[in-house]
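Notes to accompany the following structure.
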């Protein structure tokens, strides 16, 4: 049962126009900037926003095909939805929130509570079962909401930032568990996330939404290696350049020029891994064919690495070890020499 | 944040105390003048028992009717904005403004034996509402229900409908959503509306007298008995109104246990 | 028991409750149901088709309306009369002796409104006595006026003698030459079961009925 | 989700329509019987003008008083749970249940010339409330305010106090928080409470005439005029009550523009 | 003006006992599991939860010293608080939400709106100024809440997960901006986060909260290199072991033994960087003194690396390149040889 989407609707300032197919058993991560329409897309699939035009269909069931066609109500779609703002029922305990879906499906009271409890334990908040949502911490509430969406035996899953407030330690475990749930789940699943690791860990494919349209969609590996937008490049931590290529030289938009190898001519996109950029105190001699000097605009710790943000015509980010920074003896405002091998620049047609 | 602290204590406390005094002083005055010795005798009187029973019956039935008809009406009123809704809201609000005698006349004109619907009811089913307990109930409903409708509409308007969306995705249909999500979440308004409606219906006097008459055992509720006593024996009227108040307080306390449990 | 519905003016509540009991005692097959309300309300109910058997009004004006609408059977009969009296605050602090004293400075007086029988008669009496009284308020019914006098809000007011008898409040008699007499008419109605209704009317006019009325301060017609 | 769809339409629509009919039919009955020709003449009559002015004055003043005293009271009632609050709530609720005549007597006993507070007011300030417009206002307040207090308390109980915490951290003191956060967020309840209170005060009849008397120009409001007319000329009473309804509708429409703007 | 905390209070099931000093101009990141009391701690500092005992003082101003002492009301503390559940006023536009603080401080209407607008632009939601919170997307709302906290010229900052819902692309920029705001801000600042990168990028020091108590606090680098709890190790992505050391051998809790170098004897904690763990198809010969075989329990993509979760007595995580995985030709359930140099195991006393 594939989920087939051809969604067209307006929401205040946003025009959402999305065409996408999610195969049964596939997880698609929807990524994109704020206000790109990710939550709106999930709402349209769940039946909370009617289409103006287009089609939402799960296998043979046509949920919505515009105002003229019959509309399958949200309660009949059996979608497991986790909302970005959770929407836990404030008058019901965590347990009763999770048991709500099974109860509605007709499961007996005892059994529904047992099931709900099982799910709460599974997402790690078994000890807060009796608490009202107002007495839950942020992360506890999020996990209860996740349990509520999963406990309902849905036929498709729509999770809006399921792990955003989950703590580092629970996150590893929960991500693994969620992956297992997703894998065990036969229907299509959509997942909104702002976290690259979550997207990589949980999704098979990624769809990039920008201002209501999908600008890129494909397997995770492809999206990461060939981002077509700054957003995705930022997401995966690559430097992203856009420019014109001619005779092995890349003229970058906004000034600056780089020597590249094996590049198509014409308008291109290029990515550079931050670790491929080397920094030196004095001008290096050697093979790299791109060498220039630049000011250090910012230094940021990132795990066990330091990200060095460079100024000038090529505003790239380099990633080096703290040791290297110590050796360079340079702080923000200092000038370094930058070396970048032509072969480290991935170039593909725009 | 739950208790009042600092200078606000006074800003709130002084007018709040004045407000309570405004209501407590008249009550106190009445209690001071109360012929306590006659209370016992009245409590034994079958006429008072009849009136008490009728009062409870008609006010509770009125509340039930108000809920059965008024809840759907409040839902519809709260579900959007339109001229039709505005007109309906005004029509429903008018019985509050109209002098109850006029309300009673209006009821006679509509549901009396010669009235618009009443004559049809009479000829088709042989049902006449005036001078029957059903008529007293109808009058109480007419007077009490507007309070229920308007209070509940306010509660519904303040309710965050996104919770309904959440319940829908969990498979709950509209009725279930309403019962398991909306009703519990608007409980304070529902309680206030029901309380106002019931209390008003319990205290209703003129409209009932005009529409349903003042017959012991079938339409003479406590307030009507009070009105009759007023003509001949004002002290008795005060005793009866004390009984009326006590009935309402007892009912509230009984309900409190199960229904007004702390949120 | 068959019901017999008697529509009676609110001011007749006390005597008619007593009459009801006495009548039922002598007519075991009947259940008298008294409906007390203001006379105009009763008129309205009768006009709107109420199943009433007997109508006892507090004045002839309202009775005339019922006659005019064709609901009365034959001529109404007068069954009682009432006199006016000056009701005064406890202990009569203003030492009021008669109608003339009501015009004194600083004496707080109110009458019932001219639309109400008691108010109409009071004004007639004052006119007869040639006393100009400024009414502080046109009270809509007798008990509102009595209440205000009882509670010291007013120094005096003019009401029916029966109102004073019923409530036990101090009253000052009005000189006979200024008195206005109120007549109470009663009639059977067209919708009635004629025999029983007539029996009740007869009972009210019978010596035992008149005795009950007298006990409540009414005079014989 | 805002409009009603599917079978729910009927589940809601049928009883809602029945409810509207319950109120519309009597109104319709009255309008049918209305002696329209007399309406114009009454609209010109100075007595009616006086009554209209008094009605507006006393009901609006009553609302103002109800807000000034009732809002603090509602805040206090909603700020916790205690036996004291329960007692206060019952005291405030009783005027709804008590027959208004008894309410009027109670007011006399407290605020009349010989009353508990009234005698002191009289001897100290030379103020007597009965037979004055102030007295009519007091009676209207006594009858209308309970509706305001109970409706607003319900709104406050449903209000999420965490927004107050947020406002506090932004530097807003309790008064400012209340005005800029609480009041706008409980607006539906506030509106409903004010509407119920004002309408009830506008239609108040028995308590006013018992406590304040019935004097054209100072205490005879429209419902009292209506009551007077009832005694002699029921048709006139109907005309007057139509005028009363129209006044309330006009006021609501005027307010609607600025106050009842869509949320 | 240092912020001195000695907080003791109960909240339902949680007993919060925190002693901490945050120097003016310092940013402390509070990290910890769900329900550890992070939000409750901020609430106590902001004056929203009164102390049962202890002291909250900013410089010479004692905000709270238990029920007996005078209590400075929240509105007088001038704390810029960003709440985890945002609490944007639903009846005010984004602009009016941000202008609320300045207006309360007495800034004129025009000026407050201009200021608010400036802040909205700064956090990247200038175009949604007129929208009500219910019409904002999740990330937009979070940024409005951040602007509201910052726009109020507070004397201390309390930010509860300020970037959790912010998208990848805005996050980089917003993190940089936030760092600049924090640096420009003279008072003490506290920051709750579940994101290691945010903690590293924004904080000078980290305090680790566990079940209401601070179990470790110190400069970022120290916490990262010597985590004293699994939580922190997970946060920074290190393998974490606890055991007994004797004669250069570490007996790990739960079984397993490792050769270590330069280790103190007795109860110890040890960390291993995932990248220091090498995987082979067949038993390697060479210098590493710890070699064993283990089953692959899970594979997870993480950026441009793959995290390999190993089973057995030593449940470590190794990080390798996707290429290496391809060469190993192994999936979940397969067995690999693991090699770990003794010098790569950091051991410190428990």
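So that you can tell them apart, the chains are marked A, B, C, D and E in the order they are listed, and the count of residues begins at 1 in each.
As a working rule, a residue touches a chain if its C-beta (ideal position, glycine included) is under 8 Å from a C-beta of that chain, and two chains touch if they have at least 3 such contacts.
Model, not experiment: these values are computed from the prediction.
Visitor: From subunit C, what is the lowest number of touch steps before subunit E is reached?
Guide: Step count on the best path from subunit C to subunit E: 2.
Visitor: Considering only mean CA positions as chain centres, point out the chain farthest from subunit A.
Guide: C
Visitor: Which two chains have the most C-beta pairs in contact?
Guide: B-D
Visitor: Starting from the mean Cα coordinates of subunit A and subunit D, work out the distance between those two points in Å.
Guide: 56
Visitor: When the centre of a chain is set as the mean of its C-alpha atoms, what distance in Å lies between subunit A and subunit C?
Guide: Once rounded, the distance between the two centres reads 88 Å.
Visitor: Cα centroid separation between subunit C and subunit D, in whole Å?
Guide: Computed value for the inter-centroid distance: 34 Å.
Visitor: Spell out, as numbers or ranges, the residues of subunit E touching 2 or more other chains.
Guide: Subunit E, residues with two or more chain partners: 48, 73, 85.
Visitor: Out of subunit D, which residues touch more than one other chain, so two or more?
Guide: Counting only residues that touch two or more other chains, subunit D contributes 1, 6, 101, 105, 108-109, 115, 165, 168, 174, 185, 187, 227, 230, 234, 263.
Visitor: Out of subunit C, which residues touch more than one other chain, so two or more?
Guide: Those would be 41, 44, 143, 147.
Visitor: Write out the stretch or stretches of subunit E touching subunit D in their complex.
Guide: The contact residues of subunit E facing subunit D are 43, 46-48, 73-81, 83, 85, 87, 89-92, 100-101, 104-105, 148, 152.
Visitor: Report the residues of subunit D in contact with subunit C in the complex, numbered from low to high.
Guide: Contacts found on subunit D: 101, 104-105, 108-109, 112-115, 130-131, 209-210, 213-216, 219-220, 224, 227-234.
Visitor: Show which residues of subunit D lie in contact with subunit B when the two form their complex.
Guide: 1-4, 6, 8, 11-16, 18-20, 22-30, 32-33, 68-73, 75-76, 79-81, 88, 90-103, 105-111, 115-117, 141-142, 145-147, 149-151, 153-155, 157-158, 161, 164-165, 168, 174-175, 185-189, 191-193, 195-196, 199-200, 202-203, 205-206, 223, 226-227, 230, 234, 237-238, 241, 244-245, 248-249, 252, 262-263
Visitor: Can you tell me which positions in subunit C touch subunit D when the two form their complex?
Guide: 38, 40-41, 43-44, 61, 110, 113, 115-116, 135-140, 143-144, 147-148, 151-153
Visitor: Taking the complex as given, what residues does subunit B use to touch subunit A?
Guide: On the subunit B side, the touching residues are 162-163, 165-173, 176-177, 180-181, 184-185, 187, 263.
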